[in-house]
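Here you go, one structure.
In order of appearance the chains are A, B, C, D, E, F, G, H, I and J, and numbering begins at 1 in each one.
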Amino acid sequence: MITDRTQVTAMIQSAKVKKGVKWAHVADLIGQSKEWSTAACLGQMAMTKEQAEKVGDLFELSDEAVAWLQIAPYKGSLPTAVPTDPLIYRWYELVNVYGTTLKELIHEEFGDGIMSAIDFSMDLQREPDPKGDRVSVVMSGKFLPYKTY
Amino acid sequence: MITDRTQVTAMIQSAKVKKGVKWAHVADLIGQSKEWSTAACLGQMAMTKEQAEKVGDLFELSDEAVAWLQIAPYKGSLPTAVPTDPLIYRWYELVNVYGTTLKELIHEEFGDGIMSAIDFSMDLQREPDPKGDRVSVVMSGKFLPYKTY
Amino acid sequence: MITDRTQVTAMIQSAKVKKGVKWAHVADLIGQSKEWSTAACLGQMAMTKEQAEKVGDLFELSDEAVAWLQIAPYKGSLPTAVPTDPLIYRWYELVNVYGTTLKELIHEEFGDGIMSAIDFSMDLQREPDPKGDRVSVVMSGKFLPYKTY
Amino acid sequence: MITDRTQVTAMIQSAKVKKGVKWAHVADLIGQSKEWSTAACLGQMAMTKEQAEKVGDLFELSDEAVAWLQIAPYKGSLPTAVPTDPLIYRWYELVNVYGTTLKELIHEEFGDGIMSAIDFSMDLQREPDPKGDRVSVVMSGKFLPYKTY
Amino acid sequence: MITDRTQVTAMIQSAKVKKGVKWAHVADLIGQSKEWSTAACLGQMAMTKEQAEKVGDLFELSDEAVAWLQIAPYKGSLPTAVPTDPLIYRWYELVNVYGTTLKELIHEEFGDGIMSAIDFSMDLQREPDPKGDRVSVVMSGKFLPYKTY
Amino acid sequence: MITDRTQVTAMIQSAKVKKGVKWAHVADLIGQSKEWSTAACLGQMAMTKEQAEKVGDLFELSDEAVAWLQIAPYKGSLPTAVPTDPLIYRWYELVNVYGTTLKELIHEEFGDGIMSAIDFSMDLQREPDPKGDRVSVVMSGKFLPYKTY
Amino acid sequence: MITDRTQVTAMIQSAKVKKGVKWAHVADLIGQSKEWSTAACLGQMAMTKEQAEKVGDLFELSDEAVAWLQIAPYKGSLPTAVPTDPLIYRWYELVNVYGTTLKELIHEEFGDGIMSAIDFSMDLQREPDPKGDRVSVVMSGKFLPYKTY
Amino acid sequence: MITDRTQVTAMIQSAKVKKGVKWAHVADLIGQSKEWSTAACLGQMAMTKEQAEKVGDLFELSDEAVAWLQIAPYKGSLPTAVPTDPLIYRWYELVNVYGTTLKELIHEEFGDGIMSAIDFSMDLQREPDPKGDRVSVVMSGKFLPYKTY
Amino acid sequence: MITDRTQVTAMIQSAKVKKGVKWAHVADLIGQSKEWSTAACLGQMAMTKEQAEKVGDLFELSDEAVAWLQIAPYKGSLPTAVPTDPLIYRWYELVNVYGTTLKELIHEEFGDGIMSAIDFSMDLQREPDPKGDRVSVVMSGKFLPYKTY
Amino acid sequence: MITDRTQVTAMIQSAKVKKGVKWAHVADLIGQSKEWSTAACLGQMAMTKEQAEKVGDLFELSDEAVAWLQIAPYKGSLPTAVPTDPLIYRWYELVNVYGTTLKELIHEEFGDGIMSAIDFSMDLQREPDPKGDRVSVVMSGKFLPYKTY
């Protein structure tokens, strides 16, 4: 009996290690970006029936698990409010160090409002560099203004 | 008596509102990107003597405040571990929702290690869009591999 | 020297008690709803120059304070993550008790996405009732779907 | 052996996904609003014997589970004090941003007291809008005045 | 400039120590119970104009302070979520040890609902006892049932 | 293998729901108040051998479970420091709102010291009231003075 | 204007450093143990009028401060729930490491109940030891049994 | 498969209740104080091979469990930073109320440094008293001075 | 089904106790330092295929477990933000007491930046000392300067 | 009036920035290592009279401040349990990632016990390296074994 999406995430992670599948392969299979596809497999996005079935075939999931992939999940992928994993912590640190900077610059350019985390896309690339390759991430979110009423 | 950098940040914020200065102007003045310049004014980066003096002139800071701008500050710009401000929270949410995705994709591409938050730069732009303009942020950090020893 | 918006909020609250002003009067003055007007005076919204000046006249604020009213503020009006005030706690409790219900029903009606807290309006009314009058609040927020990419 | 209501909630959620049941259907079945019915299935309300039995039939629950549905549950549906799920967080944010506004306006209209979260009802509707449909939620709670004694 | 009720509470506490006033005397003065009167002076209740003026005279408060006493305050009298003071902690401990007992017995007697903390009164008395006098507190709150809708 | 008292509490709660037993009946059975009896069944008090055996018979517990009922348990019945359940939260709120009031009044009457939460008894009754029945709780605890030494 | 006891504690600590007074001297002066006397000066105990006046003379406190020394204070001397100071942390660690041991042994000897922290005394001595002198602390608290009722 | 010491502690606690063993008996068996022996059985100390085997025989533990008893455990016996159990909380309260007192008196006697919680012993005794027996605990720890270097 | 690396860590810890293996032996086996090897076995580092297979043979792990050893793990080895174990707490205390000192001295020597915790190695040795042997730990991390851009 | 050591730390930090003093210079002046000297100036160590006077002369402190430097301070230099400053966080991360490794290796070499954070010294050096200079820190603490008693 599957009672929540994290169980399906665990099944996928287990199968992925056992089979040595790559996220890039999952992305190809369902015709979405590797960023969205990974987030969806890790329990952060709802899949269409077709996407879920392809992922189910790849990871040999039960019908029940495939049904869960199509349900909007309870999101949030981190076990603690301040992440302990060094890679993820660096992103939290960026928000902590640059948070007020992002706020000031977005307000200076757009006025009061936010950058959407929903109408949002992300693209992660390797940026070759003689001093050591870099991780380059482009984040794009719609600006949503606060309205008066 | 100034006893910590947050007091200088408060002086700059106060003067900026009173004078109606823009961050883009500060960036021009000290010849750095608007991202770095804003972070430096908000107490997250140490300035050179020359930068600090220009900023001091602009915001009419005391010599003591100008000295503090050149000291490596105790960093972290947020008053709470989970930020309450909606704009900054969206960034925290992105780390929460996409944190494990970033981890998986960076490891898939580069192996075990992290993306540096120190050897790092950021560029924020307005991306015109007929459905509503977007905020586009490019983040670039050196990949640092864990080493065996 | 004003160094952050909460100082202006305190000035407004102090003047409001001293003068016995009503929020409904502030709303009339600036031509917005009482909900938006109160939130703006309590440091959660940025005002236009004209609104800020009218509010400044009413509460006898300095020019500096009036300038701060036009800046997008660091939002969040509660001193603790779980509010201690009984009236505000009841709203937190509604989120706690009905949170998963809201999530299920919005997903059932709209699919995966959120109700915007930015493109949002609120209307609070007294609802006469022989068994004791009721507080009726209508909240309306744009549905924002998660997109695949 | 069932030892707490969350186990019954998990059974219902599992059966709901497997069978593809809609909350609106549950509401019809037991003759209550979809808001109350969903909250009750998610472990926040106690059902009558008749309601519990109908829900038990629908989701194929054991007699023991049906007995638990009639017990006043330990309420609270969120795993963390500040919710990580973006949809539910938006509601928490509304309380954080508008909490003091709600407090001021209710006190201005009614005097010192609270809006009940017990003698309370809620109605969630889709509000068609050419710029994108909206979620509209009406919340109605009895005003309870503090008394002197 | 008074900007929040806790400042008035501090003024009252300071004056009470300096003048050696007793809470029982405050209660007599304003014609309410000693429990309500103390809570009101400690910033948890709103006073009428007449009560506030009498309290203001007694503690030699300014007109501004007297105005604040008539405003519904931001309630919650403890500096930490778990109180450190031994006397107050014992009450927290009672909630922790007997919380589920109170829940079970109220539900057994009344069904699902709560005991109101708003439509509530409290009476504290010394109960003479040869083995050592006892503190006896009677708490009385209206039962509010959850309703279906 | 039973390794802690909470497992026995779970067994009792499960059996109680299955059999439809009332706490008042348990109290009669073991000849104690309903308050103490409920607390003891919920893992907050140690029973005598005779009490434990009667409770064991009633709920069909194993000998091992009956042995655990006689052991002084690790007390504290709430899963979080600030309780999420609305009924129990109201009690926490009373401590938060009236905590300093209780402190002041007990000190005014008795001097420095505490009201014992150990040498303590509690009696919960329904208080009929035409405007809606009330929950009335009498709490009685020995006053313990701080001593100088 | 003194508004809480911590201000008096700060005055005493400041005067003590300036004058180089020893706690042992304070104890002699007021005829109590050095443990109780120190705790009282640090804001954890209420003094008699006579004790307060002697302490006031020694530390040159104002009459208002002397009045505060006679009021039962809001107790708890640590700024964080887990103390950061290494000396005090060692005591917290003892509670953490030996807490369940203390519980088991007290229950084995006395049955269910607690050791009072109110009817309590403490005596700290230097214990000479060739391998390095030791701190020896004797703590004595009345056993208080839980009662059935 | 045993994967951590808490599992062995649970086995011992379960066997102790089933067999009605006393800690004093365990202490005799392994020739150590009852304080150390209890702490060791509760997972806070490492045993020698001989001690572990005797304890293993007494509680009928597997060879694997006996091996774990000889491993230095991850210490800390409390489930929450602030303990909820009333008996253990009283010790935490003593640290909270008397923490700064202990600090002052140890520094006055010994200078800057700490009392060791490692080179430490404890002795708990019943102290007969006509007004009610007392718990007397002697704690002895080596003083460790901070050194300059 | 293995769903996360902590399960493999538990398997290794269990096998290590059962077989009495030493970490120094694991280090020899895989040709790395004992520090890195231990961290890798405890779930903090990713192994190469060859290392993982050798460790798998030693601890009799399944193929699935061996596959997990080669995956970059979710790092962080402590169950609480402030560690309760006395040995590990001492290290946390060093960061707490000396944190600002490390910051000042590194900035004085190198300017603004950090010491890498990724391009990092550690060597722990016994340092014989007539007054009691010492633990000596050498930590070496690359200095990474903040850059302007 | 100085009421706690953090005020003296603030005075030193302010004077240090104004005068451009280096920690290495302070160390020379008082004849101690730069590590100890910095920690002492930052409020973590007690100075001798002679050291305090030299530091007082250098930073132009009042006699009262010089007296405070000789008092054992309330230690702990970080404003939050998990530090937000990136440099200090890296050290916290090392404890988090390598904490269990340190524990295992110290126990393997020395048996159960801890490395002292009191009988402790630290030496920080620049380690030249063609790939980028490194920070090298040697930490040395006495091993303290747990004793049986």
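In the analysis below, a contact is a pair of C-beta atoms (placed from the backbone, for glycine too) under 8 Å apart; a residue touches a chain by one contact, two chains touch by 3 or more.
In UniProt terms the chains read A, B, C, D, E, F, G, H, I, J = Cyanate hydratase.
None of these values were measured; they are calculated from a predicted model.
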Would you pick out the chains that touch chain C and also touch chain F?
D, E
Of C-D and B-D, whichever chain pair has more C-beta contact pairs:
C-D
C-alpha-based rotation, chain D on chain E, 0 to 180 degrees, nearest 5:
180
Matching chain pair for C-F (criterion: over half of the contact pairs shared, by residue number), options B-D, H-J or C-E
B-D
Measure off the straight-line distance from the CA centroid of chain C to the CA centroid of chain I, and report it in whole Å.
48
Determine the centre-to-centre distance between chain E and chain I, using the mean Cα coordinates as centres, and give it in whole Å.
53
Approximate Å spacing (C-alpha centroids) for the pair chain H, chain I
28
Can you list the chain A residues in contact with two or more other chains?
35, 71-72, 74-76, 78, 81-82, 84-87, 93, 96-97, 100, 103, 107, 113-114, 116-118, 144
In contact (per the touch rule at the top): chain pairs:
A-B, A-C, A-D, A-I, A-J, B-C, B-D, B-I, B-J, C-D, C-E, C-F, D-E, D-F, E-F, E-G, E-H, F-G, F-H, G-H, G-I, G-J, H-I, H-J, I-J
Per the touch rule, the chain C residues reaching chain D in their complex are 22-24, 34-35, 38-39, 42, 44, 75-78, 81-83, 85-88, 90-110, 113-117, 120, 122, 124, 126-127, 129, 131-144
Which residues, counting only chain A, touch chain J once they are in their complex?
82, 84, 86, 89, 93, 96-97
For the complex, give me every residue of chain B touching chain I.
32-33, 35-36, 45-46, 71-72, 74, 100, 103, 107, 111-114, 116, 118-121, 144-149
In the complex of these two chains, what residues of chain C are touching chain E?
10-11, 13-14, 17-18, 20, 80, 82, 84-87
For a test of understanding, state which residues of chain B touch chain J in their complex under the given definition.
1-4, 64, 67-68, 71-72, 74-76, 78, 81, 117-118
